[in-house]
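Next come two complexes, and both contain subunit A; in the first it sits with subunit B, in the second with subunit C.
Now for the complex of A and B:
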């Protein structure tokens, strides 16, 4: 038995179908159905701006020698304007050490914990609200945080330590020549200030790892893929993440076998700390500690070309009595 | 209608301390005590799972559960002729059973408690009147046959008891099945989520056994559990047991309705089956049931007559299993290249004689590198741990797996003894990395990459870079650094494979070749100076 709908029913059904189709079209046209409109997808972010205004009365970078690591940090930061120039009261400060490897401080693969702790103390004295030490290590994160000595030192100085999976990742648009959209460690986006605290080390591919290369530690995902064009990747990172202040740890310098090392013979006690607002000048100085010419290091040249800083002029040195 | 056997049990004045007698008042306190114990031990089980971390194992004895388990102790002893001293704690459980019967099953066992909870929650779903559905069934003898069969194959040197030992089964099912499944259902797991191969099978088997409670309460405990069988055998001479006063019993069968063990207190009480849940004592309207010492034995042999024919068939089946396992290609010594054992694992034969398959090593592994084996180590090695470097690497300074292994299948050692963080030389080598030049970016595709060399943790590095200049695709000279492995320095940690940017099949892969635990795996010939 067939059932023929009457004319009225047909018209009503056509009208309903038309409403659904037209309504969907209108919603799509108004962007109501786009992914992300209702928070279904993490929106693609851009990185915050952390840099401070240039101060012509202050050097862009200084080197401090001749004292305990903590005193060197204090003296160098004081010379470039004091922490109050970089951190305002109540601000959230992200301190980025190199804490990539399950190694002890003597092996020089990670930033000296005393240096990290002193940076944290300076931030606390400047009235910072929340101080976060964040890193995405290569080795197992929890173990690396312990063996590097950084977790204990930073906590004692008054910072919290965020490593995965204590915080997650957010996809950000970096707009670089090789880095486009990439997973970035989430604490980056909550920070008002970034203080980069790298260690100077040898690196098998990029020759040097110092301040610019240290920014790799914000990346998640398959970051080993970036090694194919490592200098461009580092330059892209340096454009995307411009620190308020860079404090370079050259207390112990791994001159061979980097970036992971392991042999104490490869570590030279240089006993210096450099600080400043010019990451390019600081990296170029780091390169000289390894006996390399900064002009031969692709990412330093690229970073200068992108206007992140200049190298060539000798840096001011201060001597701290011990 | 009277049961002649019932009248055969004459009422005798009992002597000794009547532990749990008839309920007085509305609350039956012994049941409250039991539930308290069950809750406490279930929480301890959860703590055991959760505290298997770097910090946790220093503060909490995470192996306690296994060292209490007489079945695990017996199995390790039977298969390896060695008994780690901590297993002597299991004698306490044997003593408890001699005095109180299978109280472990009803009061302490966390797996039993989970079955208890599910069977309690689904008691209205079972088909038929409770007192009928809950009767003893002949297939409840299976557990004794399982025990015999597994004990025979275990005594022949392959610790298959671990497949069904309830504590191993429970820990393994949660650690590498249900807990990862739970966390997969939650958001925020992007950073190296805990994934386990075979997780679906491990978890589904445990869930299926929980679901069996809908059909028969505590079906696992009654029909399959080999630990229950062992304790049941011990409990045949239990001092304390359930006794029904035949003069007071009116055959209402209420005692059978909520009975956990199907031990039928009203008929031939089967002391081997009784979980000492004391529900029968609580519900008896006449107050005819008591749990008391030196009660007359209602059913000889604890109420389980195992026909000799069945016993022999089980024993022969067990004995036949081992030759079949060992005749299978891929088992034991001829295991597949992926059969990389955790650092400190004994040589394969000794390892299979010790490993309980409890999954503790995989649970504690910080990188989830330790995964249950499905086929790599043959059917004999089902659920034994293997290192899967693509999943996670073996962290150089970490020796947690050996520290939690309850049976010593993985040796407990210090980071110094492992020797991966000290310069020059290693203590343990679990495999060797091999470069797949067709997939390697510098070797096969003229693209710079040194990730494997960069992450190689040994000092000096086991991966050397071979520098060369080739004519690039654009006609310009291109400097390439091509990785080369030194097999005598490589420890097989798998960091290179884990971090290799070539997705899916890595361009550098670790196999078990060269593992230090077995001399047959050596494939290179290192020379050393000799006196001339």
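Now for the complex of A and C:
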């Protein structure tokens, strides 16, 4: 025989069910049930912190000359503390070259693949658990990765290469004066360390592209929107994304026609690599390679004003061949 | 005794319906929202995507890309503002396999703008060559014909030589004489 609930019980249960349904609806409406609301996947992220503690016994930036690109990278990184200072065993390292252009290495529009490969090798030697070379190219991503020579070199050295659409984008809160919330390439948020590996070259709008501007390569969306206030946007990015280490490729320097370039006549063989933890000093040095005064380059001045580094003092030079 | 099973069933069904609806809503919502990284934004209609753009330049295949002024940055990034300021209203490019080279064609409002950008790119020195004025180097030929400005860059990895690059430039120049820079992107006819 089945028990037949009385009218009071039915009403109470209906009331309870209503509370559950209404409560769930209200919670959903308020976004309390949305993915990431409780931290397991935030839809708007803040940027990671990758910087390492300053070492008063080490120069903040050095220049290496007089050898093969890989030797210059190794010597410069060693002088600023060795890769073990920047990468700990098991960490995920994001290596950010300039790999934005459908250009070959000789054309100097992208970071020299030998430089990228040596950075990857140094990370491996330091015990990195995972090394990811990531970029959001301007030109066709797959073609650019191949033609730049970076994909093959990085893979051979032991890194993964992530370009869209192999990875997606996450909206991040950058809190900048120009950049507020913006779509950022997702691998950025999986990294324990960031090593910025820009190439020095001319830029039609910002005059120089080096380490600070190279961070543009994390941005999705309509980058053209940022061009009206390019220097502020670059400074915003530099505040949001502070690399553990910057390795500047000046083996070949595009002195005209940047950032796209293409003419070999616009590329000068400089044969230098700079490395360090002061992105402002490194960019200022890059500017001098173009014959520019760093004081005339808005984003360098802004970055210094925001406490990201200093320029003015000459950088220590090491000669690998001597 | 009255059989009230249908009534009880109906009552349970009525009570279950909102729960089913809520579960459906939550599951559907969860599936529609990405739990992983947000998918990349839809790429801004790449001009190299299939479209009606085909034989803009007689004797050449469909362009690899075609960018109106407001989307120049997708091709040249930071150089876009400078080009627009000089009156560039459209950029097309072709990736040529034989000889291995890239051809960019920039369309300006007026000759002065095209001439200014040519000088900015290649300096003031001119040589006899294609177009109204030209700058020729071992691996590049830049020339202007009226308000059209062509940049032809040999692929360094393929070793495209100056002679073949000049031949390509002459072909481009001949085609430019019959080129209609006003040809709308979506009304350019069919594949040859």
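Everything that follows uses one rule, which is that the second predicted complex is superposed on the first by the 279 of 322 C-alpha atoms of A that agree within 3 Å, B and C clash if a C-alpha of one lies under 4 Å from a C-alpha of the other, contacts with A are read in each partner's own complex, and residues count from 1 in each chain.
To be clear about the criterion, contacts are C-beta pairs under 8 Å (C-beta built on N, C-alpha and C of every residue); 3 or more make two chains touch, one makes a residue touch a chain.
Not measured: the values here are computed from a predicted model.
A.B. asks: Is A:106 touching anything from subunit B or subunit C once the two structures are fitted on A? First, second, both or neither.
C.D. replies: The second partner, subunit C, only.
A.B. asks: Is A:82 touching anything from subunit B or subunit C once the two structures are fitted on A? First, second, both or neither.
C.D. replies: It touches nothing on subunit B or subunit C.
A.B. asks: Identify the partner contact of A:169: answer first if only subunit B is touched, second if only subunit C is, both if each is, neither if none is.
C.D. replies: both
A.B. asks: Please name the chain, subunit B or subunit C, that touches the greater number of residues in subunit A.
C.D. replies: Residues of subunit A touched, subunit B against subunit C: more for C.
A.B. asks: Output check: A:298 vs subunit B and subunit C. Expected answer is one of first, second, both, neither. What do you get?
C.D. replies: neither
A.B. asks: Is A:260 touching anything from subunit B or subunit C once the two structures are fitted on A? First, second, both or neither.
C.D. replies: A:260 contacts both subunit B and subunit C.
A.B. asks: Going by the contact rule set out at the top, does A:142 touch subunit B (first), subunit C (second), both, or neither?
C.D. replies: In the superposition, A:142 touches subunit B alone.
A.B. asks: Considering only the contact definition stated at the top, list the common interface residues of subunit A for subunit B and subunit C.
C.D. replies: Dual-contact residues (subunit A): 102, 138-140, 147, 164-165, 168-169, 183, 203-205, 220, 222, 224, 227, 230, 257, 259-260, 262-264.
A.B. asks: Applying the document's contact rule, which stretches of subunit A touch subunit B when the two form their complex?
C.D. replies: It comes out as residues 102-103, 138-140, 142-143, 146-147, 164-165, 168-169, 183, 203-205, 220, 222, 224-225, 227-230, 257, 259-264.
A.B. asks: Considering the complex alone, what residue numbers of subunit A touch subunit C?
C.D. replies: Per the touch definition, subunit A meets subunit C at residues 4, 10, 13-14, 17, 21, 24-25, 28, 33-35, 41, 43, 100, 102, 104, 106-107, 138-140, 147, 164-165, 167-171, 183, 186, 203-206, 209, 220-224, 227, 230, 256-260, 262-265.
A.B. asks: Spell out the residues on subunit C that touch subunit A in their complex, using ranges where they run on.
C.D. replies: 4, 11, 15, 18-19, 22, 25-26, 29-30, 33-41, 44, 48, 70-82, 102, 121, 137-140, 151, 153, 155-157
A.B. asks: Can you name the residues of subunit B that touch subunit A in the complex?
C.D. replies: Listed in rising order, the residues of subunit B that touch subunit A are 54, 188-192, 366-367, 395-398, 421, 423, 441, 447-451, 453-461, 465, 481, 495, 499-501, 503.
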